[in-house]
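Next up, some structures in structure tokens.
In the two complexes that follow, chain A is the common piece, with chain B as its partner first and chain C second.
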Partner chain A sequence: MLIIFLLTILISALSFAVQGRRRDYAMASSGIFLILTVIYSILRFHSGYTGGIISQETFNIASSIGIVFSTGVSGFSDALLILSAIVIFLSVLITEKGKYGESLYSYILITEAGLFGILLSRDFLFFYIFWEVVLIPVYFIVAQYGGPNKDSVSLKFFVYTHIGSVFLLLSIFTVYTFHYEATHVFTFEMSQLMVNTYFSQIPAFWMYFAMFGFLLAFLVKMPSFPVHSWLPDTYESAPYPGTVILAGGLSIMGGYGLFGILMPVYKSMGTGVMDLLMALGIISLVYFSLSAMMQQSLKRMMAFASAAAMGFVTLSFGAGLVESGYSASLELAGGMFQIIAHGLIMALIFSALFYISRSTGHESTHSLGGIFREAPILSSFLLAGLLASLGLPGLAGFIGEFSILVGVFGAIGWLILIVIFAMIVTASYHIWAAQKSLYGPYNEKLGAIHDADRATTVKLMGMLIVIFVLGVVPNLIYGILITYVGGII
Partner chain B sequence: MVNMYWPGWFIFLSPIFGFVLTYVVGRYYRNLSGIIASLAVLGSFIAAVLTFFYVQSNGTIYNSYEWFYNIHAGIYIDHLTLVMALMVSFVSLMIHLFALYYMKDDPNKHIYFAETSLFTAGMLGLVVSSNLVLFFLFWELVGLCSYLLIGFWFFKPNATAAAKKAFIVTRVGDLLFLVGMAILYSSLQGFHGLGSNSPLSIPFLIANAKAIAAYVGPNVLGAVAVLFLAGAAGKSSQFPLHVWIPDAMEGPTTVSALIHAATMVTAGVYLVARVFNIYYYSAPFALYSVVILGAFTALFAGIVGIFVNDIKRILAYSTISQIGYMLAAIGLGGVFGYGGVSFGMFHLVVHAVFKALLFMSAGAILIALMDLRDTRYMGGLWKRMPMTITLLFIGSLALIAFPYTSGYFSKDTIIAASWQYYAHYGTFSSFLPWLFLAIGALLTTLYTFRMFFRTALGKPRSYLAEHAKDPSVFALLPLFVLAIGALGLGAIQSYFYGYIDSSYQMPNIPFYIDIIPMTLMAIGLVITYVLYGTTIWQRFKFAKNPLYRIAKNKFYLDYLFTNIIAERVIVPISAGFTLFENSYNKAVNNVGTSTLKLGDMFRKIQNGVVENYFVVLIIGVSVIFIIVKLLGLM
Partner chain C sequence: MSGITTGGLTVLGYFSPLIFLGIVGFAILGLSILKTSKKALSWITFASLGISAIWLYLIFPNGTSVFDGTIVFNQFGLYFAIVMIISAMFITYPSIYGLKAKSEIFYATLLFVTIGMVVAAFSYNLITLFIAFESVSIGTYVLASFGKNKRNLEGTVKYFFTGTIATAFILFGASFFYIDTHTFNLAVLTASTPSPELTIALIFLIVGFGFKLAIFPMHQWAIDTYDGTENSVSAFLSAGSKVLAFVVVLKMFLVGFSSDLHEVYYLFAVLAILTMTYGNVSALSQNNMKRLLAYSSVAQAGYLILVLAVVGSVGNTNSPVAAVAVAAGMFYAIAYIFMKGGAFITMNTVKGDNLQVSDLSGLAKKAPGVAVGFSIMLLALAGIPLTGGFFAKYLLFLSLIEGGLWWLAVIAILNSAISVFYYFRIILYMFGKDPQKDDIFNLENSFKIPVYVSAFLTVAISVLVIWFPTMIGIAPGLFR
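Our next item is the complex of A and B:
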């Protein structure tokens, strides 16, 4: 896996040298990364994974102050690796020839390298570096190729998420310093720092400070209420390939932070933090669902839908860790599954929306209407994405939402009805959006529009098949996630 | 692992293959699509028959595999399942055959047949599935297909609105069902009888219901049962979640026939019958809620049905009402044990047959009348389309439980059983079911024959009705088969009851009570003939009558849901949230802009005076300190 990762860095760096055919170059390389990642996962995880981190490698860089580049893959991060490889590949695929400048493809490839770096690093220093690396290309994607207000929006995105990162850095240094104080060893290794035995020895104040920093950074990325303001604007302004990356790729960062980084020290966190997370999860769900309902632009509506779906993840993290027994396992694995499913589904929705807005020139519900008559294939794909997003069984979204919902009762009791209320609202506005934009009498103002051609159908079909297969045979990754959870709780 | 019994799996796999094949082949050869879909459903029927004989000799089938974590997936086939599977596949086959005629000119008929095939697959999958989660998957597949099929004529605004309504209303029920599962799943944690079973496995729940009730407490289990009932009410369109089904009449009539007879509304009843033991062993309020909900809905929908003019909507309300009878029958299980299920299931099967017949005859009428659905403009059709109207007549007789039609055997038993229920408990609350159901018998006759007489007798009241013609005999063949069933199914009554519950007891009540429903029916026939067999009804002027207006407006339930809850509550709340979100977003932007300005200011402060730096540092640290302290306090 390390080799694949180093390749991504190399390839993305080299991409600047390619002139003229950078789209083909990006397409080929991201396709190869996807294949390599899948092959790697099949080889290492198909059987015999027993939890924890595998494929660990360490390189001393400056060991006297603990700077070591160490990598490793857990069951969860492997699933996310595949997800980000798929999403990046898709985002390259849906770009049009010649519409965007060459640099877009380099940015996309750097994003992939950054995401891989985040998921692979097992020490905080490099984790942090890659965390920042991802920000920069996405910032440029929005700033260069974005829609309305791209300048202010991209700046907002950058500053907002950067504030989260600053606290991440502060937290990292906090745990790093106290580790030195306790053991007189400098280390950034997560395997040393993020363990209960050490973590619970940090003085309470500083432990909560570190926790606060971690949580803030992750919740901003998630995004969770109330630190979400960057999200709708950025999603809306970003060019569609960028939105796909944001929704499918970047949204995993917050979830990975919770489940990949913080989960091992959950015992030190105390139930107060869990309650807070559960509350934030539920509030996010309700708040984003209700906000989504009134949106005119489908893109912005789906941005809120994406945020609401991530509310489930926050909720499952908080609830899963206060519960015990099989509910907890189901819940936590469900939360991780939800991250993956959400990434895939949002990638599908935004891609379908991209083609629709390309052929009609519109993306708001009231200026579309009845386009099923003229573009049945595209409409069907959008409908499929919407149905997956509202958690229809048989598609990937259901498995995650079901696990979370079923597991969560033990932790929140009858508050589950609020979650249900949010889900009803979610279903309503999804169906309402479909009805307004896809069905009904055709909006003749749109003139003649093109349906998907064969290539487009294949791309979208590929995504839909992945979502469908994960919905019907979730055990492809669910088993690994359960094993991963079993290794921690 | 246990050896897999393939025909059992084939019951629902066949129409799934049919779905793919119909769509792919149908894209190039439209005319083959209907035949492929029908063959696929025929395949399920044959598989169901094979399974029937296998179960006769080898007993119950239970194949189960791990799906994810402790949720398993597989098939569970016992007598109850088989009854449903045979009924669904047979009735669906008849409807598919009729649809070959009904949909023959539709340009998108390959999509139609692919979707009905999938619809049938969803229902059959739900019937055979061994785990509540898999059950739920198919349950939602049924919901999805109904959404797609109701909105099949997507260019009609009414149809898409109805599809949307159907989806959202049933979704409310589905999610409550999901909450029920959540409670059950969480509470079963630590249950010693669990072993390697999945906590939501149907055979496990049925077999251990008594121990589970003791472990989780009868009230908790009762809550679970009531939540399941809420799911069933959504799917089976029971009060107050019935509002979607009359609107769903906007879809093709064959779809209505599928929804009402075979593939959708029976799912809820089947759910309650399937996990009957949970109801039986939990607190008594669970079963009572089933019986009272069913009986009340039977009455309520009957009342509304009398005031509707659209032929399909009358049939829709009759479905709601008849489903109420089925649920009430199952709810009587407090006295009759599992026998209640057999009463309910028999009515379900019989109803499926005659309701499919009714809908398809109505469909034949609509084709002849160019989709004119208002019974006020029909009339005199018996002379013009004798075959179709005779079929409609047979269906109507079965619906009102005319003696010795199949409906008589299935429905009168339920009403009689509800009297015995009262006799057993002797309280007022146990009297209500009988009262509702018996009045329901009168109402059934009123709305059915109001529709029938207005359609069949008198003079044609529109140009279209004057020129109506019967479709060809071949098109009506499936209807004749169903008509035979509607007349003759009563013959298997006692065999059927024994097949579901080998120790069932027929209700034993005084003769003078037993004839009450029949008398009411006769009265109803006389009333409707006098009023609607003639032209008296045309002189009615009720429009100002307040009671009439309440009933005509369906007791304002649609108004309550759409105009009050959705438009006056949810939408304003949502608008409020959006407003808040926008101002919050703006505030964040302002903070951002003013920070930039502040930056300018700070540039002036940064004059190397260390005290200033120090002040900023202190402020910053104390803010963080406060936040962290608050976190620590929790």
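Our next item is the complex of A and C:
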């Protein structure tokens, strides 16, 4: 996997040298990365995975002060690696020839390298570096190719998430320093720092200081209420390939932070923090669902829907860790599954929306209308995405939400009614959106519109098949996730 | 004079790289008779600076102390000497553009200034430190006045007057220092006990050197001067001359006042917070490009003096945390030269003076390489990873946390988050907007290459982090 990662860095750096055919270059290389990642996963995770981190490698850079580059893959990060490879590949696929400048493709490839770096790094220094590196190309995607208000929106996006990141940095320093005081060894290794035996020894004030730094950084990325306000603006202003990356690729960062980084030290956190996370999860869920219902623009609505779906993830993390036994692992695995399913579904929705808005020139519910008559294929894909997003059984979205819902009852009791209320709201605005924009009388003002051509159909179909397969055979990754959870709790 | 342990000629040998620089300086003045082109002069200067740096490194009498401890040759001094020589080398080529006449005086002065810098890096005596510092100041007054327009003149005059006032403050502080301790030798002073005289000396010296370092509230000259002078001179003033002030301040307050570190801590913690915040907040609303960079360099000075706050709060110069903090400052200094100097030099690619941020619109379309290079430097100044600036800030904040000053680290980090706003605004203009006028950029190779070089060095400097443990090893050299 390390080789694949180094390849992504090399390829993304070389992409600046490619003139003229950079789209083909990006498409080929991201396709190859996808294939390589899948092959790697089949080889390493097909059988014999028993939890924890595999394929570990370490490079000493300045080991006397703890600067080493250490890598490794867990079951969870492997699933996210595949997800981000898929999403990046899709985002390159849906770009049109010649519409965007050449730099867009370089930015996309750098994003891929950064995401891989985050998921692979097992030491905090390089984790942080990649965490920040991902921001820069995405910032440029929004700032250079974005829609209206791109200047202020891209700046807001960057500063918001950067403030989250600097608190991450502070937390890293804190655990690093106390580790030195305790053992007189400088290290950034997560395997040393993020273990209960060490983490619980940190003086209480500093432990909570570090923990809230981590949580803030991850919740901003998630995004969770009340640090979400960058999200709808950024999703709306970004060009569609950028939105696909944001929704499918970048949203995993917060989830990975919680489940991949913080989970091993959950015992030190105490139930108060978990209660807080559960509360934030539920509030996000309800608040974002209600906000989404108010939106006219489909793109903005889906941005809120995406945030609401991540509320489930926060909720499952908090609830899963206060419980124990079967329901806990069900929930945690469900939360991780939700991250993956959400990434895939949002990528499908935004891609379908992209084609619709390209052929009609509109993306708000009231200026569309009845386009199923003219563009049945595109409409069906959007509908499929929406259904998956609201959690229709048989599609990937259902598995995550269902297992979270089953598990969470033990933790929050009858508060689950609020969650169910939010799910009803979610379902209703999804259906309304579909009804208003796809069905009903055709809005004649739109004139004749093109339906998807064959290439588009293939792209979206591929995505839908993945979602469908995961919905029917969730065990493809569910098993690995359960094993991963089992290795920790 | 019992302290002189080596023969006169040997000692003279130690100074041979400096003597060499001086001779070259006079030779350059002589060359004016031959009407040598300024390009040739710049290469001569560049080569002689390079030679003297290597020479200094080769003959370096590590650990020797001459003139009764007045000059101590240690690796800490060597590091900063070489860094400052590099900062001078860095502007030799780009400065050709700004020189209309009398270029030999410019280059000769640059060499003389460098001599002063190197002496300051090694001296541990208030008087030699002062003289070296003053020789640099006088030289930079000359450098700053190169150019004929009104803004230039205004900047130079402000620089000169505030510089003179600062000198008075330094001398006043130094005299109180002497009253209390009966010596000018900094290293000997470690034994003295805190007293009112020492506190007065401390405050006056901070004000005096604070002018040179351009820390709040002694920064106002810097904005006008950096704005008014030639780009390459601004680069030198804000990079080389600031690093010099930083070294001197480190020696002055951490060695000279090592008995009084608590007050050093309080004063510098407060000054650092004010400087960072003031610099960053003022830069937010600036539209003038060079003033923006000037405010950002005020903010950077605020980060630099965090080192003194850390060492001051630890209170023990032998502790490993103090070494880490000083080493972080060392790393910051070299990264700073390339990112800040490079940013000022990049301004050469835009025609005319009184540049606005909006003048950079569309640079990415006209010259993608320059825009990317400049963005790299801005990202480094903002402390974004993969650049030298990231590791510089990172190590600095790390030392803050290790010193237990987490609240100061929070303030510093929030400040660096604020700074993202104005650095990214420039990037937005370069990449997101169309050019306002045609023919506003100087895009010959001679303007582009310095940008590429500084961008490359800004990134490449992050490799130095491998030697950070070595830097921690030589950092305690400061204290003895």
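In the analysis below, the second predicted complex is superposed on the first by the 489 of 489 C-alpha atoms of A that agree within 3 Å, B and C clash if a C-alpha of one lies under 4 Å from a C-alpha of the other, contacts with A are read in each partner's own complex, and residues count from 1 in each chain.
The definition used in the following text is that a residue touches a chain if its C-beta (ideal position, glycine included) is under 8 Å from a C-beta of that chain, and two chains touch if they have at least 3 such contacts.
Since we're looking at a predicted model, the values are computed, not measured.
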> Which holds for A:Val159: it touches chain B only (first), chain C only (second), both, or neither?
Replying inline: both
>> Tell me the contact category for A:Val138 with respect to chain B and chain C: first, second, both or neither.
In response: neither
> Where does A:Thr177 make contact in the superposed view: on chain B (first), on chain C (second), on both, or on neither?
Replying inline: second
> On chain A, which partner's contacts cover more residues, chain B's or chain C's?
Replying inline: B
> Taking the superposition as given, does A:Ile129 touch the first partner, chain B, the second, chain C, both, or neither?
Replying inline: second
>> Just to be sure I read the superposition right, which of the two partners does A:Phe209 touch: chain B = first, chain C = second, or both, or neither?
In response: both
> When the two structures are overlaid on chain A, which partner does A:Gln435 contact: first (chain B), second (chain C), both, or neither?
Replying inline: first
> In the superposed arrangement, which partner chain does A:Ile61 touch: chain B (first), chain C (second), both, or neither?
Replying inline: second
> When the two structures are overlaid on chain A, which partner does A:Asp233 contact: first (chain B), second (chain C), both, or neither?
Replying inline: first
>> If I apply the document's touch criterion, which positions on chain A are contacted by chain B in one structure and by chain C in the other?
In response: 155, 159, 209
>> If we count contacts the way the header does, which residues on chain B are in touch with chain A in the complex?
In response: 66-71, 133, 136-137, 139-141, 144, 147, 151, 154-155, 157, 160-161, 163-164, 167-168, 171-172, 175-176, 178-179, 181-183, 185-186, 189-190, 199, 566, 570-571, 573-575, 577-578, 581, 584-585, 588-589, 592, 624-625, 627-629, 631-634
> Where on chain A is chain C touching in the complex?
Replying inline: 61-62, 64-65, 67, 128-130, 132-133, 135-136, 139-140, 143-144, 150-151, 154-155, 158-159, 162-163, 166-167, 169-170, 173-174, 176-177, 180, 209
> So in the complex, which bits of chain A are touching chain B?
Replying inline: 152, 155-156, 159-160, 204-205, 208-209, 211-212, 226, 229, 232-233, 270, 272-273, 275-276, 287, 290-291, 293-295, 325-327, 329-330, 333, 370, 372-373, 387, 392-394, 398-399, 402-403, 405-410, 416-417, 420, 423-425, 427-428, 431-432, 435, 438-442, 474-475, 478-479, 482
> What does chain C use to touch chain A in their complex?
Replying inline: 379, 384-386, 390, 394, 397-398, 401-402, 406, 409-410, 413-414, 416-417, 420-421, 424-425, 427-428, 431-432, 465-469, 472
